[in-house]
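Before anything else, here is the set of structures, which you'll find just below.
After this come two complexes, each holding chain A, first together with chain B and then together with chain C.
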Partner chain A sequence: MSTSQTQTELAPYLQAWQNFLPDRAGEPAWLGTLRRNAFEQFEQQGIPDRTQEDWRFFPLNALRTTAFARPLPPALPSLQQMLQNHPLANQPGPLLVFCNGTFVPALSRLESMAAGIRVQNISTLLTDSPELLQPWLAQQNERQAGPFAALNTAFMEDGAALVLEKNCRLQQPVTVLFISQTLHQSSFTTPRLLVAAGENSQAALVEVFLSEGEQTAFTCSATEFALAAGAQIDHVRIAQENLQTIHISSTRAELQGNSRFASHNMALGGMLTRNDITVGLRGSGIHATLNGLYLAGGNSVIDNHTAIDHAMPHCESHELYRGILYGRAQGVFNGKIFVQLDAQKTDAKQTNQALLLSKDARLNTKPQLEIFADDVKCTHGATVGQLSRESLFYLRSRGIGEEEARAMLVQAFAADVTGRIPLETVSNYLQQMLPLRF
Partner chain B sequence: MTLLEIKNLHAAAGEKTILRGINLVINPGEVHAIMGLNGSGKSTLANVLSGKDEYEVTQGEVLYEGEDLLEKSPEERARAGIFMAFQYPVELPGVNNTYFLKAAVNAIRRERGEQELDAYDFMKLVREKLKVLDIDESLLKRDVNTGFSGGEKKRNEIFQMAVLNPRLAILDETDSGLDIDALKAVGSGVTKLRSPERAVLVITHYQRLLNHIEPDFVHIQMDGRIVRSGDRSLALRVEEEGYSWLEEEVRNGLVNA
Partner chain C sequence: MSDAISTIEEFAGREYQYGFTSEIEAVTIPRGLNEEIIRTISAIKQEPEWLLEWRLKAFQHWQTMSEPQWPNVHYEKVDYQDIIYYSAPKPKKQLSSLDEVDPELLATFEKLGISLDEQKRLTNVAVDAVFDSVSVATTFKDKLAEMGIIFCSFSEAVREHPELVREYLGTVVPYSDNYFAALNSAVFSDGSFCYVPKGVRCPMELSTYFRINAKDTGQFERTLLIADEGAYVSYLEGCTAPMRDENQLHAAVVELVALREATIKYSTVQNWYPGDKEGRGGIYNFVTKRGKCDGDNSKITWTQVETGSAITWKYPSCILKGDNSVGEFYSVALTNHKQQADTGTKMIHIGKNTRSTIVAKGISAGNGQNTYRGLVRVNPGAEGARNYSQCDSLLIGDRCGAHTFPYIDVQNPTAQVEHEASTSKIGEDQIFYCNQRGISTEDAVNMIVNGFCKEVFRELPMEFAVEAQKLLGVSLEGSVG
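The block that comes next holds the complex of A and B.
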């Protein structure tokens, strides 16, 4: 990348950075250092282009040509209306609502938690107990996580944190809504979620990205999980923003012995969506589950990159991704599995299945297994197909119209993934969000 | 009025010609049985009647209630009252049986200008049919045909038929692989459907089903044509003696006029 080009591409971000830093004067010094390092990294790496293997299929031009500014403060009345009957905003359990990067206490529900459980927005924690965050925030592979994770850290404004002490269990899921209100201008937000789960603790989180308004937006999200031995975490991530949104996310999880981590990555909206999910298995007896559903139509692009690093013996990872592509949508699935020399008796299974519902929809799928241990069980499989003609005919022969029949079969295909989410409200919600026409 | 009239129907799958001039008239109130050797095109006939698009009609026509049937889509045919119980019902993992059946019932009702059934009335209807056919209610919770035994799939077809209440029911070897009890259930399902306005076309290899469903006419299909029509006794003779006598006669030019 030539320097001059980089300079112009990054100009809006440099501008934003210069405006942003002075506002952050009251923050702990360690965070300022993290931010500066992160921005430096972002500058060094720049916006990737398609000559980079990991970004081959992802057209980032929109990021170069649109000058994304920092967002305006949220407008509450319409937001309130939007959430009033939203099934995910009304499910039991704590709710944290963020709009345009800002925490919205009026629409959030932070119930009082048992001792040892802290569910809070990050900026409040930074003022009242920064010591809870410091060991965890931006501590995982920041260097390897790429330019967008760095961009998030540099600009991280607010976000949600869940800190669980040893043996603490949450009965209800924590719901975190990140809404970008794009009523008047193109803006970029940097939502952050941090989960530090102590030994044998347990929780489920539902992280949802929505938008209000039809303008372009750039959501640059970062999520970190640190699971101590025996911890159990379910993470549902639902991206459902408007069809102008560029959504780039990095989810990183570091897992210690005997922990259980399940990621349910539901990509249902946006114009350009890129999700990187990286999981490190650092002890033995770990079960990691990476499930995903991706749905794209029109000219949208959805790119999921997952990487599972088996570093220790006797761990299992199960990965099931299903995609539904129609219109001229393009999908990318890249699943890396590393099995290190020490990771004997690893059991890793990866499956990617996609439906291409139109002749112009495309999928690039690439499993990438790098196995250095010799006593392991690793399987991967990818299938790409259309709706079964036999099944369609069967439904139609019972009087069900073609369009409805197609929708029923697509719903059935999706249900295999959504049905694995251990929260019924959430899986029902997702099924209802599927389009009725393809 | 004639319910179904098939005139000189020829159909092919790709290069392969399968039906070579089928003629058949079915009036309301009648039960017809078609028998014939494997591969003679019985399922193809049923599939063409229900609108499967892998078959191309190359000649002839089919009138249903006086209208051109072949130009209608499969769903239009179903909404017009045609039901086919498939020889090999497909499994639809992820599609709940109740949800599926409700969608079907209401699609048909909408077409007829009737009000859609709500959950309560629908369940009432469904429970009543389950009871008549002696089918366990657990069927409703399962995905359509998924993991069903051969017999369960056939029962599910008859159950759907009972709920959808067609004017013309086509049963393609619904009796194959059924135990005695299931066979009785199929028989009683069809008998319940019989009325002066409705008709049934049964495709079978065995005359034992015909003990439960008394046919008015029996047809023998060979190599894409109906070569002999008669009454019940034709089925008995075929079961006892096989088809070779008839093949012999056909070779000598003795076919239906």
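The block that comes next holds the complex of A and C.
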């Protein structure tokens, strides 16, 4: 990918890179190496185009035509106002607020934690105790994770880290808010989340992406999970940015024996949203759950790619994705399940269901199984349809207006996914965020 | 289970039964592919100018294309300059009856169990037998001609019915469609042509047996089947090929056109040489098959049983253009030893209230790799379109693989699309249950596999269903895990 065209496309990023690097002089050397390797990866791979199977349905032209600047420092007063009554900012448990890539201690709550639990922003940890991060940061198949995971690693400024030692359990969920303040200019942020869970540890995280202002923003997020044997992690990811935002995320999880990992991926906003979730099952007895809800209207595009790699025997994975598309929205779902030769007795189930609520909405779905072991139970199912006429009629005959009846049915459709989040505040919040008209 | 496994290994290890070569003098042209070769083919076949031009356009287009890399199959690249693009049994003279056919040739068919003689007298099946590249005997033609049905070799159709060929050739699979379709359009040697006129129900199953013979000869079949308004036709295609050490390329094109209220049923049993246990030799089967439901209320059914070929790469598809048209796809694909299959279907819903059903059964044994790849597309205008897809995989043994790549693209909210897939294996408990009741492991495997494929088999015409079951019996009962 070193054609001249690619080089002009990458020119703004190259420029940003040259400005960015000198600022990071104080960082540990290993991080500098990671960044340089990552940027090299990004340069090599370039911005994907539609001839690549994984990006067939995702229009990336906006990334080629818009030059995104590095963001301005956060403006606190409006931010404070925004979060004052936000249900997710006020739920119990530690809270980390990041705005335009910078940690905002004034709005965060980092209560003192029990021994063996570290909840902190990454840049503090890097000066404080970099040895906690080094084994985990950007250590998961960086090469395969695609150009945007590499872009994040190269430009990563700050983010949240949760490091749990053996047998440590968090009673309250950790809430991480990433806010892009796009009041005056279009900007590009690289939020990062890192979770390293020791043996038999347990935690729940709620990662939320919000925006303030109506300008274009490019959020290039990366999240990594490393679960040791027996660890249990719930991850809720809520993307709810403005309708001008390009949101590209990569979530990677490596799971060891008997661990439990649940990802709840809620995409409720943005102009172009692309989520890649890759889960590697590296031991026996693992349960992995990938649930997702995607809601898109207007001209939005929402593209979810999940990949579950069953490498070892006796593991289970369950996946349920539901989509609600209206307006001229386009939804894409691609779910891969790999069952390797050694992964006998695998039980993998994948379901993708979508509601098309308007004439111009469109859905592309591709559930994909690749199975190399014989003693396995693998099923996948995909359905696409509209609201059932009988259900609508039932509600209407009981005096409920059409609009309300439709909204009720959509709420119920979504509730099957949001209801699986083990945090009540979060699932209630999500249900309230669904539009009332379609 | 060791007993079962050894039976199965023996079973799976059984060699291809139909490997033999007939000694027939063949006219061949030099190896390689260029405009001169195409002109020669066209000249030998005494084709009209427009067809030659079409071939040349296809060839020019082909030269701009590159071989597709996306299929989930791996094979040694084909050297397109090392293929002889035309070979035909020496024309002896015009044949008026089967008696005049080369006895050697007839014996070959007899070995395959499809004696034309037998069939002519007993089975009421008209057979257009393609031996290498030229049709040598066509039976029941007169009977069909009485009803106005044209069933003949492609070259004959070009000579006798050029207007029909010209009207429909390339309308479903244009020469620019894909790499192999372009290649076929440039060099196709012969094939079958069938036209069923308005309101006629074809009284018998039409059938073509074609075989790949003379060494190093790629076969480029072209089939064009047209069912005019209200017509019905059921077409059978079956193949066995002699054992060869070198890979042979087969790039066929099949085009079906169903006009208003017409029904076409196209059934295939494919049993070409899959190569030996190490995967040496074997046929490369890169076929483009597509049907167009052009008129309202038309219907096209594809049924296929794929047990042969080293590499299978085909997607019999339906373009559902007419309102209320129906597309169906029933498939059993078996891969054993080192066979690889990447097969499936495309259902393109364009008309209103169009319906499609996909039932695909993949069986992988030995080191076989079986891929289902399908597309269901509902265009914005396809109000009320309905699709049901089911693809099931059966894995026999721990060195094989099953893959599914179903693409679903829905652009109309009134569409209802469902896709289901499952993967399973033959359970030890199932085998045990059968054994306990005195059923041998071999028979038990047979029963289970046939049960797995039942939904597809029952779509096959009677005589094919029997053959298909036997075929699976020979080539399939791979291992019980």
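In this section, the second predicted complex is superposed on the first by the 436 of 438 C-alpha atoms of A that agree within 3 Å, B and C clash if a C-alpha of one lies under 4 Å from a C-alpha of the other, contacts with A are read in each partner's own complex, and residues count from 1 in each chain.
Please note the rule applied: a contact is a pair of C-beta atoms (placed from the backbone, for glycine too) under 8 Å apart; a residue touches a chain by one contact, two chains touch by 3 or more.
The shown structure was predicted, so the numbers you read here are calculated from the model rather than taken from an experiment.
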Applying the document's definition of touch, where does A:Gly401 land relative to chain B and chain C: first, second, both, or neither?
first
Partner chain in contact with A:Phe393 - chain B first, chain C second, else both or neither
first
Between chain B (first) and chain C (second), which does A:Phe413 come into contact with in this model arrangement: first, second, both, or neither?
first
Go through the superposed model and pick first if A:Ala11 touches only chain B, second if only chain C, both, or neither.
neither
Is A:Ala114 in contact with chain B, with chain C, with both, or with neither (first, second, both, neither)?
neither
Could you figure out whether chain B or chain C reaches more residues of chain A?
C
Contacts for A:Leu356 in the overlay, against chain B (first) and chain C (second): which applies, first, second, both or neither?
second
A:Gly381 in the overlay: touching chain B, chain C, both, or neither? Say first, second, both or neither.
second
What residues on chain A does chain C touch that chain B touches too?
none
Which residues of chain B touch chain A once you look at their complex with the stated criterion?
50-54, 73-75, 77-79, 83-84, 86, 89-90, 92-95, 99-101, 103-104, 107-108, 111, 143, 160, 164
Which bits of chain A are touching chain B when the two form their complex?
388-391, 393-402, 404-405, 408-409, 411-413, 415-416
Sites on chain A touched by chain C in the complex:
53, 341, 344, 354, 356-386
Chain C to chain A touching residues, read off their complex:
70, 380, 393, 395-425, 481
